[in-house]
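If you scroll down you'll find the structure; I have some questions about it.
First chain written, first letter: the chains are A, B, C and D, and each begins at residue 1.
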Amino acid sequence: MIENVTLAVVGVGNNTSALIQGVNLHRRTGTLVGVRHPEVDGLGVGDIDIVAAFALSDGKVGRDLHEAIFVPPNNFGPLEAELPPAGVTVRRGLVGAEGIDEVAAALDGVEVVLYSAPSGRPGTALAYAEAALRAGAAFINTTADPVARDAQLLGRFEAAGLPLIGDDLASQFGSSVVHRALLRLLDERGLTLISSYQVNLGGTEDFRNLVENPSTKKQSKLNALGSDRVQMAPLGYLPHLGSQKVAHINIEAQGWGETSVNLDVHLKVHDPSGAAGVNIDLVRLAASAKRAGRGGYPPEVASLLKSPPGTAV
Amino acid sequence: MIENVTLAVVGVGNNTSALIQGVNLHRRTGTLVGVRHPEVDGLGVGDIDIVAAFALSDGKVGRDLHEAIFVPPNNFGPLEAELPPAGVTVRRGLVGAEGIDEVAAALDGVEVVLYSAPSGRPGTALAYAEAALRAGAAFINTTADPVARDAQLLGRFEAAGLPLIGDDLASQFGSSVVHRALLRLLDERGLTLISSYQVNLGGTEDFRNLVENPSTKKQSKLNALGSDRVQMAPLGYLPHLGSQKVAHINIEAQGWGETSVNLDVHLKVHDPSGAAGVNIDLVRLAASAKRAGRGGYPPEVASLLKSPPGTAV
Amino acid sequence: MIENVTLAVVGVGNNTSALIQGVNLHRRTGTLVGVRHPEVDGLGVGDIDIVAAFALSDGKVGRDLHEAIFVPPNNFGPLEAELPPAGVTVRRGLVGAEGIDEVAAALDGVEVVLYSAPSGRPGTALAYAEAALRAGAAFINTTADPVARDAQLLGRFEAAGLPLIGDDLASQFGSSVVHRALLRLLDERGLTLISSYQVNLGGTEDFRNLVENPSTKKQSKLNALGSDRVQMAPLGYLPHLGSQKVAHINIEAQGWGETSVNLDVHLKVHDPSGAAGVNIDLVRLAASAKRAGRGGYPPEVASLLKSPPGTAV
Amino acid sequence: MIENVTLAVVGVGNNTSALIQGVNLHRRTGTLVGVRHPEVDGLGVGDIDIVAAFALSDGKVGRDLHEAIFVPPNNFGPLEAELPPAGVTVRRGLVGAEGIDEVAAALDGVEVVLYSAPSGRPGTALAYAEAALRAGAAFINTTADPVARDAQLLGRFEAAGLPLIGDDLASQFGSSVVHRALLRLLDERGLTLISSYQVNLGGTEDFRNLVENPSTKKQSKLNALGSDRVQMAPLGYLPHLGSQKVAHINIEAQGWGETSVNLDVHLKVHDPSGAAGVNIDLVRLAASAKRAGRGGYPPEVASLLKSPPGTAV
């Protein structure tokens, strides 16, 4: 029988919470609702064991992981009435590059490191990647900070036979995915794009972070959409939305005979679910690639990322 | 140099009007806005000559084609201030199977017959197909009536080396195309569809016909969407919309952790443009297949039709 | 202390179910969420006792009222985990005018009759009104069938000192209410209405009835909107919506300088709640008017009805 | 016969452009489309003569007013093919408090000063008000800067028998007006508001100014909506929208039985038209009040302003 993936998570925010809660829901009920791949190279949704977790906030550090995921500002779920203790205590994480060796030591026996902290701290992201490399673990960067786009670092992972996956998670079903699909459809059908915009509103702490550090993320979004006729409205942090994210997408185009085509989309999703639904695949893909000795960037993850190696930083 | 396609049109409604007006706009200005394929096997958008036209209404029969396309209830355009006479007089068309030979005679020298009459007259559609077959012309059925889905008839076209294309035009960019793309995206991303509906409102005569004969069309729509969780609301004929068509599409789904995903789309298009933008390709594909001696159903048209051969009647 | 209203309900569909469930929720929790008038002339939300109920379906007749409200096709709620027995057994109701005296006898001691059966059976509606008159009870017609618009009948209620309220309930917050408010706002602000439409989709049995008998209702809707530039799309019965009703409202107008103004509204409500939230007021207003000896149509109910006395039948 | 109003405009942006173009369209065609009051105390839409104009940009100062209104970044219209010269040359305006006397001198013979510069320069707004006071003219402040809310200044206008109107124009039909009407409707119908948000996107220079100086405006918006459950998303400046403004309004509420009510509105207007459609009334009301010797704040303008005297600054 295949062995469970040993996973370390960096960041104990909503996305990590959704991953953990969803895995537990699956283990208890067998649900495959919203699951993209019931199996990835033989690994099921429940075949993941979190063995280490890192966070920065005093409210989370030192706590059992299954308690820490409900500490505010986290506001996802709960999906179920009860969650038994994880048996994993949240450790204090890195700020910048100091302490890499200690983290590397803590990663002993870990196959995959899922870096799921807020975007906007590129130095810290690179430090964790370095720790993973030293510990012999695959690394997944779900933030918009450039890690997999760092060609030199990617080369070192490749040489070490360790997968390096990133950057910037494309939500399982978020505004970028829908917007891109519609723009592609427009193009396939031969319509001419006149203008387009996207408005994103959210109520999570991750979202508040993006509002305050919009630049990296915005470029990553535009990388994903790939047209200079698309405009991004400023992100709106509306606390009452909780873990829900709301997007308004508009597309103005012209069809045959230069007649107008208008398309307006109103999308409501739970952002942490959208992240976890992709992370569950990335973790298994990373483990599988590592076990097969395939280092570097595994091309099969391309559709799950907004800014893969080679795109603009 | 490649020769222009000689085309006969059956039905002088909005869709034929949009085809004619768009071709003329292109010829005058060179515009390629909303054009899917500037060239199809060497045939440009302007390389089509309409040499015969059939209609039933007294207001259109006997008139120059470029006048007839503006006779009510037609309400598309005008796209341009002026349109010179076509030099083609609209002939009285078939009702049912009588008069096939006369039509076949009138189709002498015609390469492609574009059947663009209202849906809901299957006998008449088959009669025109028969006439095309006798005259040695390719036949395109843009209505929801089963013609290309008639296996026996398809065999005869194939044997004669004549293309037979149908059934039921998928608009260049209409509610079916968008709805299908979004359902496919949902599926690709691993979401679980809970329910979905589609509301279509329009103001053209074609639309009024569909409202009064909804059954064939509705099945064809559902063929295109391919899920039993999708419901079609009754079509709404709202005259003030003119040639505009409005659709409201709703999708309710669940993602990771069984959280809700809601997607609402509001789409506004000009229906006759959506038809003409596809017909301009079908006509050129039919001509090209015919010139190459390829009879029967050309598989390259699949994405342009809602009910190709093999789908439910 | 003020005495509770004694109420008989005709029709044990979703609207009656919502009224009963909402009253019980209020009694248990004290909630005033969604309540327009905590008190009407001293009568609170909980001060209503249902003492008789009439229905036609075999599944409901003979059952305790609190069981009958959950019998399919009813599909509203349940709002709470448990509902104790009502102690009222559902009686077999009228079909047409036969049996009025028996019903009148069963209404002995009843202050208010709430007629909440499906629209489209005007004879039956009038028969119940007649029974109420004979029994000395106020009568409320929530259907689109003309009862309060019957001038002769209204005169008889007036003469008897009994309130007669109708016709056609304006939902507490439905598409008509919102549409009318927006058209009025447009007018107040000096904009010029160009066109407008309304699409209504629902999944209740009442809705299915309306789809099959649209004429009365549609006229009543247009009475409520009062403009010939407004078009109603056909009602769409989409079972998966359950007790939810969805409306799409579009308004196209022009402002200063003849520039365009577009307004699109997407409204989702629970139809039975919208009815019950008004019925709770109508019942108390009817009881209060009756207790004060005020017969006929009480003008204070005007904003709660779509087709009050004097409007088109 | 009544005499035309003599008007000075401060700010030659889109709003002034729309006022001028609309008045000229009315004079030429007689159109009353989008006009709230064909007459105000005998003054028609065309009974306004602009006799002075002030601006700051080099591209506008020194030019004929009818040319200046089309100088970028202005992007409203043109509504008509041609506009004859105004015969009024745009003067260089104030920056802060210096030069008040010169402006006062230039206002000789002017009845009404319409202050229509960008929001966010309170000192300049007050300086123009001072100049109007010295010149004996009524003053209208359409910006969010506090002028009419300055109690001391209001007292001086009152004492001088001069109307002072402000602050912050409520567009004839913009997101605030629609949002407020819907929240009021909700309340009237007895629903309980849970949450609400408003997103505003625009493409004018005025809009760009608001994006860069959001604070004053946002408070003024919230004054207008009057609920702490309403959240404003950051304004989005999307140049491609031109003079169009797009708003997305969401309202989440609960009705009877605590069931959910969702309302989403998508509104598209031309912002300068919305301003001009109100300014045409304010100017005539100001002139009429002045002619009647009524100084201070005329209460009949209340519905046209977001932050009248007495509301928060």
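Descriptive notes on the structure:
What we mean here is this: a contact is a pair of C-beta atoms (placed from the backbone, for glycine too) under 8 Å apart; a residue touches a chain by one contact, two chains touch by 3 or more.
As the structure is a computational prediction, the values presented were derived from the model and not from experiment.
The set of chains in contact with chain A as well as chain D is empty.
Rotation angle, chain A onto chain C, C-alpha superposition: 180 degrees, expressed as a multiple of 5.
Between chain B and chain D, the centres computed from C-alpha atoms are 49 Å apart.
Centres computed as Cα averages put chain A at a distance of 43 Å from chain B.
Residues of chain D in contact with two or more other chains: 264, 266. Every pair of chains in contact is given here: A-B, A-D, B-C, C-D. For chain A in complex with chain B, the touching residues are 18, 21-22, 25, 31, 33-37, 77, 79, 172-173, 177-178, 181-182, 185-186, 189-192, 253-270, 273-274, 276-277, 280.
Within the complex, the chain C residues that touch chain B are 195, 197, 199, 201, 211, 229, 231, 233-236, 238-241, 246, 248, 250, 264, 266.
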